[in-house]
Amino acid sequence: MPEHDGLMRVFWPTDIATSDLPGVIVGWRNSGLDVVVVAVLDHVDPKSVEGALKAGILLRGAPHDLDRIERLCGHSSMHVLGVTNPESAPEGKFIIEPSWVLATTGPSLRVPKVKCQVASSVQTISFERPIPNRMQYISLDPMALALADKGDPSLLSVSDGSDAEDEKQERRHRQKRRQLVDKLKLHSVVKHAPSMKDKALSRIVNQVNWAWELEHLMQKNVSLIGTRPKRTLSVSERVVEQATTMRDDAILWVWDKIIFYVFPIVRRIFILTLVSHRAAAEIFLMILEWRLRPSSPALKDISATAQQIEIRLQQFCYWPMQYVKLRLRKNDWASVTTSHPDYIRFYNSLWLVANDVIIGIAIGSYIIDNAGWVADQIGLLLRQYTVEALHSSIEWLMGWPAGLKLNKELALFLGDLFLWVIEYWSSCITTLQPLLPHIIWFIGFSSFAGASMPIAMFSDLVSILTIHIYSFYLASARIYHWQLTILLSLFQLFRGKKYNVLRNRVDSCDYDLDQLLVGTILFTLLFFLLPTVVVFYLNFAVARMAIISLKAVFDTMLSCLNHFPLFALMLRVKDPRRLPGGIRFELRDTQDRLKLDSNSSIAFSSHPPTSVIYLKPIPLSFTAMFHQYFQMGNRIRKHYLSPRVLFCLITGRFVPPIHRKVLYSLQYSMLPAKRADIIQMWDALNSLPAKKRPLGIYPYGKQFINMPSLPNGRRANGRRGAP
Amino acid sequence: MASRTGPQPAANPTQREASFPPLTRSATLPDISSSPRTSRSHLAPEDAFLAASPPRQLNGFESNAASHDSGAESRLRRLRSKLGSRSRSRHRRRRRTWKKILWVKQSFPDNYTDATTFLDSLQRNPRLQPYEFWPLVADTTVIVQQVCSVTIFVVCFVGIFTERVSPVTIVGWSSFATFLGWLLWDWWIGQEGEDEVLQRQNSLRSRSARQARQENARNSTATTTPSAASSVTNLGSTERTQSQGNLVAMRQHHGGSATSLQSSTSHNSHQGRHGEPQDGPSHRPSSPLRGGRLGLRLSTIKSAILIYFTILGLSPILKSLTRSTSPDSIWAMSFWLLAINIFFYDYSGGVGVKFPASLSTNAALMASTVLASRLPSTGQVFSLTLFSIEVFGLFPVFRRYARHRSWQYHVALSVLLVIGAGGGVGLILSDRKDGTFPWRSGLLGVLVGVLIAVMAMGASSWWLIGLQKYKNAMNGPWDAARPIIMSRRQWDDG
Amino acid sequence: MPRRTYNIAMVCDFFFPQPGGVESHIYQVASKLIDRGHKVVVVTHAYDDRKGIRYLTNGIKVYHVPFAIIYRSASFPTVFSFFPMFRNIMLREQIEIVHGHGSLSSLCNEGLLHARTMGLRTVFTDHSLFGFAEAGSILTNKLLKFILSDVDHIICVSHTSKENTVLRAALDPLMVSVIPNALVSENFRPLNYPTEPSAPGAGFGHNPPTAHHLGPNDPVTIVVISRLFYNKGIDLLTASIPRIIMNHPNTRFIIAGSGPKAIDLEQMIEQNVLQDKVEMLGAVRHEQVRDVMVRGHIYLHPSLTEAFGTVIVEAASCGLYVVCTAVGGIPEVLPSHMTVFAKPEEDDLVLATGKAIAALRANRVRTEKFHDQVKVMYSWSNIAKRTERVYQGISGDISETEFYGYETADSAAWGATSRSGVRSFALIDRLKRYYGCGIWAGKLFCLCVVIDYLIFLFCEWWWPRDQIDTAADWPRKHFEDSDED
Amino acid sequence: MLTTAPHLHIRRPSPTTTEFTVSTLPPQTLPLRLLLAVVNLLRLLLGITVLLVLYAKWSLYSPYTAPASPPEALSLASLANALQHVLDSAPGRLAQRAAAGTPAWALGPAALAALYAAVRRVHAAESLLVLRGLGIQTSSSGATVLGAAATRFIPTEKIQDVLINEAFRGFEVRHYLIVVVDGEEDVVVVFPKLLPRRDVVERVWRGVRGCLFDVKPRPKDDDGQARGNGRRTNGKI
């Protein structure tokens, strides 16, 4: 080994069986004194183990190809790292190389005492192996629940002015920060090249993830090395064996027939139906996303229902791909952790849909049962709030309200105008009234497709049934804004100044008498008429804001139903190690060890200074899980609670509702930016490996089954080797 | 400073006398920046300090110099005294003379202060003009005129409001008077046409410069009577007391009447140029061409008709405008607007100034609109508005012309106004008996009005003259020099 | 005796990244002082993203104090809330002398007040002139009086500025030193300076190959670099450019700078069609100024008020013939053979420019020699040296006699003992000084000072000195006091 | 007197592994232990009382009444029963009276505040673990006893620099230790809450550099650091 700074670093799994028998430590040697222990093989000869490792005997019968191991763990083969309990082994059993680890294990010691001839100091980093079959793993940085394939583009596509410029300045800010960070890179006081150990970390993480699987594979193959007396079976045993094999053969024959003839047909049919559905979905999606001009909003941008349907369809289109990915995972090593987030995402969306449907059925059945009552309630609410409340408020405004000095004539005029529209609208509503129960019934029925559907429909219903308020708001805002601008310019005239567009400033100008006269009289007029208009405008603006907030509530419910990280939360409770959020180290007090050293034996008197560290995974934090919720909350807040909006409200400009895309980016974050088209899906589905004979997975399964009985088995052959 | 203010005055009174000569000498040194102002139009500082010229001010400045002990002069005196007492000792040490330059390293410490040159170019009250009494009184007439016209307007409103006077008669008479005034004004314009034509042919700069010069000439002819000249002179100061934006700046650095008028006219000329593109009814003297006077008349008539119909159309809306507003708030509002009108009125405006302070005009118009909106009937609203336009829009132009034409017109006009206002107020205040016209109260009102006017004029003049002795301006090279620019306006955004 | 080195804190609102004269002055003086072995920290307010503590080259440590900014130049007067932070900085940097710049910077004023309360020596540098006429200046004068009536020493950039300050704040003239600005003459070389030897021989000969030599009919370029504001005399410029060009058709103008008056200039250019004669560059950064200057032959400086006018020195150093209005401290700055003075009047400015052009055409001025002459006149190291002398004087390291240049004997005659050399820190003496500031103002000032002192006591109790750990010093330079320049 | 100024405590079992812990826990003396025990006991009592009062408040409104028959053990009913018994006891009645006395809007915030006071940590402890060849791990104890310590591990090859910076904080200027992480916008502040004084920070800094990069700290490094930190980072905490 070329370089070692005398620091021995041993990654030691805590949960490998610790016996006090002499054994051979097998594992990865990343660099000089930087080793990851994978397994401890008892009662074998280091040299033969070395040879076996070279020849790959120990990995014989691996379920999947071996080069993935090399790719991920960075080494072609493992090495013999050292021996355990050398002193208890018979003398001359093996020659200890200087770089070997000499570990003392035993049932009493949770962490082995490690020493090495060339090491001046030792770090023993003991870790608990994640069990790949339970999809546990560790990673340096928190796992991403959302798809990472699209960040800003989805936001940048939002191109209605305000948000666009918000985004723009945000991006500018981000870029500024980026430049700062680059400058920071330029500057460093002392540069030092990272040592081998430093660079090894990511590889070590993989090796730790692989440790469990490899160890079990090796323990299975330990029997292949080391010489064992080959004893023959007795007759009875042979008979039994014959019989069992015959039965197995029979079963296998039938099974093979089924696999080879029936299964493909079923599968093909299934795939065809799936693809046909996919095609239908495609058509729907096209309808939903059709926009007559690239700038004009698509159907899904207008209506929440369309949006909801679109999301569901998207999910439907994505599921097969996800499933295929997960299936592919099956015929790879369990320790390959790349597909775990996909797994979580897949099941999360499934779960959500299931939940959605369950709740939906409840709601739907309720609504359908008493559709009439609900319809009456809704009609009542509608009349009460969208018609009568407005009506009364306008009437209130027409008489002098709250001592406001309104201009009677103008108030009457405006009030009559709006009242007339309201009358007309209410008549429309009344004609619509008998239809309402059917609509409600339909909504209720639709909610069998999930509770999110009726919510979306309700939000659409609200926006449809309050069109008149929207229009009132628009009209009054226009009037108000217009009047305000005129007042401002007339005020300049009043001051004998005028706004100079060229210089972009106000400079003095002297008007003619008639200009002055007309200007002043108009100014006075508008000035005294302003309060009236303001009052009306405020009235409708408030109504508008109320509606917007109501829809915001609906949208929040929708996003909860669509994207609540239910599955992740459950996993977090059930098995936190499946949601790694990083790693952390714990420095253990070594006092007790030293004490133990002092009184135990002479062998450890020359013990290098050792620090025992526990490597533990950090479970994903809840904030990380709900990160996107926070994001969405920020975005909404930035859109509505900004001074810009307040300014718009005050000056009577139109306050644009937040773009659906922005609002729903949360929902889309679990879906790919562009869905795979039908051809890709077809290929993907067909690329699924046709089932081989199930025997192929038997050894895996069997080893999986008799895993618990492993130690004593090993103890057995150990005993056999003893005499 | 406390350490010095305490012992100082008592310590060495001798030094104060000792310190007078260098002070005055330094102050009277002709310095570069003040050389253009050496026209005899204002007193030189030594008049102020040695108290040579008008004997009236002697005591004034004496007392000033004596009274102000914490003032800058005494401070200066102390500084000089110290320097004197100190530089002697230094001159014993250093032979080479010290020069007030930075670009050579002199063998003096950085904090060396040369007694002879230090604060040399300081001058105090450099352009002080003592006021005389009568010119001041003469100037106040302008203000009196404005106040009186406002009063007359209010009187008419009250008359209409309390239905003592029929609006029609008011409008009729006022319109008739306006027409006469317009004829007269037009005739005056006719006399002044020629210079304008001449100016037309030149380029802008030369034109305005020349116009300036001609205005001077005309003024010097027109202001043969000393009162008028000094009247314009003192206007600057009257304004300065009621600090008026740019015009102050304009006046403050122009000493005498000639320069002041010149600058004002340069101002006007620019404004005339400025107002040129929009040729609405132009009340300005500079008519485009000789034949253009017809067009001028036509445009005037056109605008008159326009105004007429505008008011006619708007008065129904105005009638119901402020019904819901409580009357007292309306009274307060109109009062403030009229006050704005009086305060922001451009009293110094030359003839050419069209609507120099449109703020005041606008305020008056708005006041009249607000008041009109209290009136019950459309006719009243209409007539009041029209009347207000005549009073606030057109009448000032006429007044300005009258003053510009001849002093007698001016005086006569103001007397008339005072009498009218006083009488009107008297009539209004009189308890109305049925039908009979209250002569007595009217006469009483006239008397009281005249009395008040005279009192006010005299008192304000006295007050101003009294104020003047507190003036103590220190100038020196550190002041931001005021650029003297012939060709361009520079006061729009300084 | 061995030269003492001081820990100096420059307190001012105006500092980098904001460009300007005061800013560069502070920076240059600070770095030169550091070269002389002192330790200098700059305390200024935070600019948009510049909060906290930064180091500039040459080890100038800058504290960007996070405070409310009313607008880009001046920070909001946070009268007493600045005190604890200020005290903390002073203590952790072990400051002995607080040097404030710019009478308009409220940060500086507060800093000086607090420094006196903490018992530190204070110096104040006044960069600007103030008249007495305007209503606004009355207030500023009162404020200045308040601040300066307790400052140990004042530095002005020109004698005019000194007179002004003495009058405004009613000071003893001997407390006011005149230390001009300077310039980094390497940054303001003429166009082909390195090639041309600085020996006077080059100037002789009838047509030396200098860029400034003018034939009879090659155009004269006039450069104007100034912020386009009213008090920079842009109105004069706007008025006189057409006439200058009318009188001398073979002239070009290059105008650099931005401001509200830019529009007037553009209008002038459009009104009398001069697009091909007048070139407006807009705002140029300070490091580009030289490149703009060397494109011209004459530098025109129509300012209406100017304390020092560094830019004309820079212009002269670039080998330009300077035409400037004789206002403020400008007449003191440059020798007469480099400049043509004009009254702040349109006609006179036109006249002076005409004279300058004529002189250039007749090759009567040797502009190629200006650079070396200016280099000898103004150098920052010299400025730093003189500033250091001020520091020595106020901290009593050189005797009063040497510093103030008079015997304390006759100084006793007019009772200046309280101010001679060092000002006493006793609260009662300070109150005396403040009390003399005016009838009402004096009492008000005293109130302020007392409150400040109470806050100081509170700070001493709340944040005790031993809790404040001192900052690591930048390695001091070792400077042997060589008496060149 | 429960806490002291933050002081440093170093554990280095081997030269390549060091843990710097800054804590406000004063050295353990007997009276201090007693005091702490008392305080914790009080807090426990406080918490229980608050919970009791809350339950009482709830039971005032809840229609639920304890069943007559004793329910089988280990069930919600039994739990409710037990709680009922507690409520019937003397302190329980007192709690009930308190609950009845205070209105809900006052009770809620008060209860929250009391609970927070009950679970708040007395001593803050922040530590920095340096493992040569692995990296740096900062950890700071949560605000409450419930929350675990928040840790952040930075691998060595992502560590760009470790340096001491100065920044304004409140009315004063503090030194603090930061880790510049490669490619991240924000630097990682070590000991963010306690912000120990300069001497501590410098010791930690030298220790970190010695342990992580195996450089022997020289006095010149300090200036290097100072020069380094100043020029770039705008020290915001």
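Chains: A, B, C and D, in written order; residue numbering restarts at 1 for each.
Heads up, the rule we're going with is that a residue touches a chain if its C-beta (ideal position, glycine included) is under 8 Å from a C-beta of that chain, and two chains touch if they have at least 3 such contacts.
These numbers were taken from a predicted model, which means no experiment stands behind them.
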> Once you count every C-beta pair in contact for both, which comes out on top, C-D or A-D?
Replying inline: A-D
> Quick one: which chain's Cα centre is the longest way from chain A's?
Replying inline: B
>> Measuring from CA centroids, which chain ends up nearest the centre of the complete protein set?
In response: C
>> Using mean CA coordinates as chain centres, what's the gap between chain A and chain C in Å?
In response: 59
> From the C-alpha centre of chain B to that of chain D, how far is it in Å?
Replying inline: 74
> If you average the CA atoms of chain C and of chain D, how far apart do the two points sit, in angstrom?
Replying inline: 52
> If you average the Cα atoms of chain A and of chain D to get two centres, how far apart are those centres in Å?
Replying inline: 29
> What are the residue numbers in chain C that touch two or more other chains?
Replying inline: 49, 260
> What residues in chain B touch two or more of the other chains?
Replying inline: 493
>> Multi-chain contacts only, two chains or more: what residues does chain A have there?
In response: none
> For chain B, which residues count as touching chain A in their complex?
Replying inline: 271, 274-275, 278, 280-283, 303, 306-307, 310-311, 314, 317-318, 320-326, 354-359, 361-362, 365-366, 369-370, 373, 385, 389, 393-394, 492-493
>> So in the complex, the part of chain B that touches chain C is made up of which residues?
In response: 1-7, 11, 32-33, 36, 70, 72, 75-76, 79, 81-83, 85-86, 89-90, 93, 100-105, 108-113, 118-119, 122, 252, 473-488, 490, 493-494
>> Which residues of chain A touch chain B once you look at their complex with the stated criterion?
In response: 400, 405-409, 493-496, 507-521, 523-525, 528-529
>> For the complex, give me every residue of chain C touching chain D.
In response: 49-55, 59, 61, 63-66, 84-85, 88-89, 92, 463, 468-472, 474-475
> Contact residues on chain C for chain B in the complex?
Replying inline: 129-133, 145, 149, 153, 155, 158-164, 166-167, 170, 172-180, 230-231, 233, 235-236, 238-239, 260, 302, 304-305, 308, 325-329, 332-335, 343-347, 377-378, 382, 386, 389-390, 403-407, 410-411, 413-416, 418-419, 432-439, 442
